[in-house]
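Common to both upcoming complexes is chain A, partnered first by chain B, then by chain C.
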Partner chain A sequence: MNRSVQGAGILFILILAVMCPWFMGKFHIYLLTEIMIYSMLGLSYYLLLGHTGLLSLGHAAYFGIGGYTTALFLHGMPGVPVSLTLLFGAISGLLAGFLIGSMVLRLTKIYFSFATLAFGQMVWAIAWKWRGLTGGDDGLTGWSAREFVFPFLGRFSLTHVTFLYYFVLLITVITIGVCWCFTRTPLGNTLAAVKSNPTRTNFLGININAAKLMLFGFTGLIAGLSGSLFILFKKMVAPNFLDMFMSFDVVVMSVIGGYSSFLGPIVGSFVYVYMVEYISAVTDRWQLIMGVFFMLLVLFYPKGLVGMFKDVLKRRIFLKRKVCS
Partner chain B sequence: MTPILRLNGVSKHFGGIRVIDDVNLEILEGERHALIGPNGAGKSTLFNLMTGFYSPTRGSIHFKEKRIDGLAPYKIIRLGIARSFQIINIFKGMQVYENIRNAVVAKHHYSLMFDRMLGSLNEVRKETEYILSRIHLKPFQNELAGTLGYGQQRALELGLTIALDPELVLLDEPGAGLTPDETREIVRLIREVTAGKTLVIVEHDMDVVFDLADRISVLNRGTILATGTPEEIKRNEAVKEVYLGSLFEEKPLWQER
Partner chain C sequence: MESQLSILPVLFLHGLVYGMLIFLVASGLTLVMSMMDILNFAHASIYMIGAFVCYQIIQWTNSFWFALVVAPLVCALLGVLMERGLIRKVHASGHVDELLLTFGLAMVIMEVIKWIYGTNPLPVPVPRQLTRSVQLWSGIQYPSYRLFILLLSLAVLAFLFYILKKTRLGISIRACVQDGEMASALGTNVSVVFVTVMAIGTWLAGIAGVIVAPYLSVYPGMFSDMILDCFAVIAVGGLGSLGGALVASLIVGQVQSFGVIFLPTISIILIYVVMVVVFTLKPSGLFGKKE
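Now for the complex of A and B:
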């Protein structure tokens, strides 16, 4: 694919996304908002797994920490503007990324994965047990009366579905752009080198643990921001926002879309959310069907849907060339 | 001349096995120093000690009067030492151009920078192209490194090492597995790209060693048997016995029969 085709594709999707609320029902707008939030979470996960090759099993921790931080400010400090609480959520994700990263990054391979799982569960246990702060299994809620206040634009209620859709769309587009740029900075390139050959990277005089720690901070920031948006969207926060099943959902979405491609988590979250929505409307056993679908994909297309699409495209071009010659 | 690298009573034990035993070695500034010895003598282990892959059980290593044993590899590399590997160790899944660029970015200490795009760093691009032309891999710059021929991968391995522009270059069997023609080519290349630098080279091909080296150290069972000029080493009785013997006999064994 050349650049102009790519650019046209991106522009088309953007225009489509802006126009969605004009011809789609509230139900779909609601789902699309959820998909965009999951996309951001999945994208931060792509940077870890697909770009750097770090299999983290506790990624929901940053998501939940961002969510709880925002919820605590919304819940306990009515004076703080809503947009500022989002910023606090993102920063808390960043700090959590640095903190957990500094402890798990001395490990590699499966030990690393299990350490991240352990820290994820630890964060979940805190959210579950510390009733005084987090509300325990009831979670926190009760801020739906809060409003976004923008200079010049006016006030918007948090319960306004279309407003929230546009707000999340804006942040998602910015996040995707920032993540894309990140992979093209020297640091992003270094992380790709770490995935390709960590020993050689080290023997080029690069402190790979520092690079990974910075990555942890960055993915924590993005995940924290998406968690903050998620609780605005759900109008509550509960411990199941950061339990291990949430972490596994992120992995499943990434694998469905293709964990090693940038677009993978975005496509993956789209397919995942819609599949769950429609299958669970038909049967309570939706997890069984999702499980079979997931296994088939892993067995026959480990590169995911984006990988499948790329292969099909390559084959088409190959066939065309054959016809020409 | 002053020593650029000094090993003082260095030992390395793995469990009860003394792989390196009380090695004293001085590498002089600007010289080409070859490290030879039979298989298992500890040549690669010595390299791994010099670059921080292992830290010595006893003894000290100084690089330009700074103690480096026990430092992390990346810190040692940053002081001005670079190494190649006996088994090819390149970024196989990345393009040849990207391979060299990784090293150039590292040399400029840009590796952790995230406020600028990699493509906007002009000096990095220029330097990468320069290194590529020096190792004669420019025509292959867009190929994946893993798809290169073996000899070209050896050249790339060398390129990754010299792209760091180190003062001290450590080459671990740069000619391993090459044909005689390719070996001649890589020796010419090594001579060319290490001009003005200090070189320590491990090599089994004696033609290469005696052709290239100013001084030679012979390692056997973890100790230095002898250090000297190629002529001295050729004449050394102890060295003949353990290593060179069969190579420098007046008559090959099969003629005596």
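Now for the complex of A and C:
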């Protein structure tokens, strides 16, 4: 696929996304908003797993910390503008990324996986038990009446589905762009080198741990931002936004789409949300179907749906050339 | 104050019993992990399967002792099938895919169990011979079933150490844990040793599942409770060290037991705090080999 085809594809999808609210019902707009928020979370996860090769099992921690921070501001300080609370959510994700990252970055392979799981569970337990701050089991709620205030455009309520869709779309597009650029920066290249051979990268005089720490901060920032958007979207926050099953959902989405490709988490969250929606309408056993689907993908197609699509495309192009010559 | 002090030994015993239970599950997990570099999520699922098979056998035959023999064997069989049928298939593609696979398997097992048995806790009766309490010393009554758990797990522990330290198989296992490639080069069939360890590990998990059934009842949340405790044990004890796993299990058992009584609000966090402290101070665990 050459560059102009790629550009045309991206432009097409963008125009389609902008036009969606004109021909789609509220229900699908709602689902698409959720998908975009999950794709941001999935992208931040891709940077860890696909780009750097670190399998984290506690990724919901940053998501939840961002969400809770925003929720606390919305809940406790009605004077703070909504857009500012989003910023606070993202920053808290960044700080959480640096903090957790600084403690787990020396660990490799499976140690890393279950250290992140432990941190994730610790954050969950705090959110669950610290009733005075987080509301415990009940979570926090009560900001559905809040409004975004823009200087020239006016006021928009959070309950306005179409507005929220466009707002999330804007932030998602920016985030995807920033993540794409991130993988192209020298830091991004260093992290790719860490994935393929950490020892050699270290010998080249690169401070692996510093690079990883920057990465943790960056993924925390994006996950925190997506968490903030998620609680605006759900209009509540509860401990199950950051428990280990939420972290596992992120893993499942990434694997469905293909955890080693940039588009993987985006495609994955799309397929995941729609699969959940449609299968759960038919049967209660949707988690079983999802689990079997997940296992089959790992067993037979670890590159996920994006990898599958790429292979199909390559084969077709290959055939065409053969015919031509 | 008197009554406060007198519960201390009982709490200690509770912690000991729970610690030994965790050890039965975690010991198999740590051996498998250190040999093949796999974080086997499905190990705790096998423990849960053991408990549900026990429930089912008791429903059919009404005999706990029969379940105690059969259910762990079923688990061992499942363990072997899991290794031969699934884990082996993706071993070449690296630890990420292995982890993801066992993780998916754990998810599927959980869902199948929820499908068949529902999500409510199912009671399993304590065997008739062990329903009474035993007077340990003046004023302290202790349920005899928990003492039975303690004795049985001690017996299994002794058996495990006997196998590892005194038999030829044990030497092979220890060699593979130390350095798999070298053991293979010296003529050990690593693949056979691994499947044996898998069988022993899942057999132990099965025993734990059966004996826990009358004690905590049987429910699908058993999986996540146990997997986190196992991870804590491995984090604290270090990979590949059975002695380390034993000490860590006992620590985790005591932390759980005393934490619930004395620090009820933060007891759930305590175990993660212990884990995180060990991870930051000594990443390879208290007894683990250096990377």
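The rule is short, and it goes like this: the second predicted complex is superposed on the first by the 325 of 325 C-alpha atoms of A that agree within 3 Å, B and C clash if a C-alpha of one lies under 4 Å from a C-alpha of the other, contacts with A are read in each partner's own complex, and residues count from 1 in each chain.
As a working rule, a contact is a pair of C-beta atoms (placed from the backbone, for glycine too) under 8 Å apart; a residue touches a chain by one contact, two chains touch by 3 or more.
It should be emphasised that the depicted structure is a prediction, and the values quoted were computed from it without experimental measurement.
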{"item": "Chain B versus chain C as contact partner of A:I222, first or second or both or neither", "value": "neither"}
{"item": "Which superposed partner A:I126 touches (first chain B, second chain C, both, neither)", "value": "second"}
{"item": "First (chain B), second (chain C), both or neither touched by A:L105", "value": "neither"}
{"item": "Partner chain in contact with A:A118 - chain B first, chain C second, else both or neither", "value": "second"}
{"item": "Most chain A residues touched (candidates chain B, chain C)", "value": "C"}
{"item": "List of chain A residues in touch with chain C within their complex", "value": "49, 53, 55, 103-104, 106-111, 113-115, 117-119, 121-122, 125-126, 128-129, 244, 248, 251, 255, 259, 285, 287-288, 290-292, 294-295, 298-299, 302"}
{"item": "Touch list for chain C against partner chain A, complex", "value": "33, 37-39, 86, 89-90, 93, 95-97, 99-101, 103-105, 107-108, 110-112, 115, 224, 228, 231-232, 234-235, 265-266, 268-269, 272-273, 275-276, 279-280, 283, 291"}
{"item": "Partner chain A, residues of chain B touching it in the complex", "value": "51, 72-75, 77-78, 82-83, 85, 89-94, 98, 101-103, 105-107, 110-119, 121, 160, 164"}
{"item": "Chain A residues within the chain B interface of the complex", "value": "181-182, 184-190, 192-193, 196-197, 199-208, 210-211, 214, 218"}
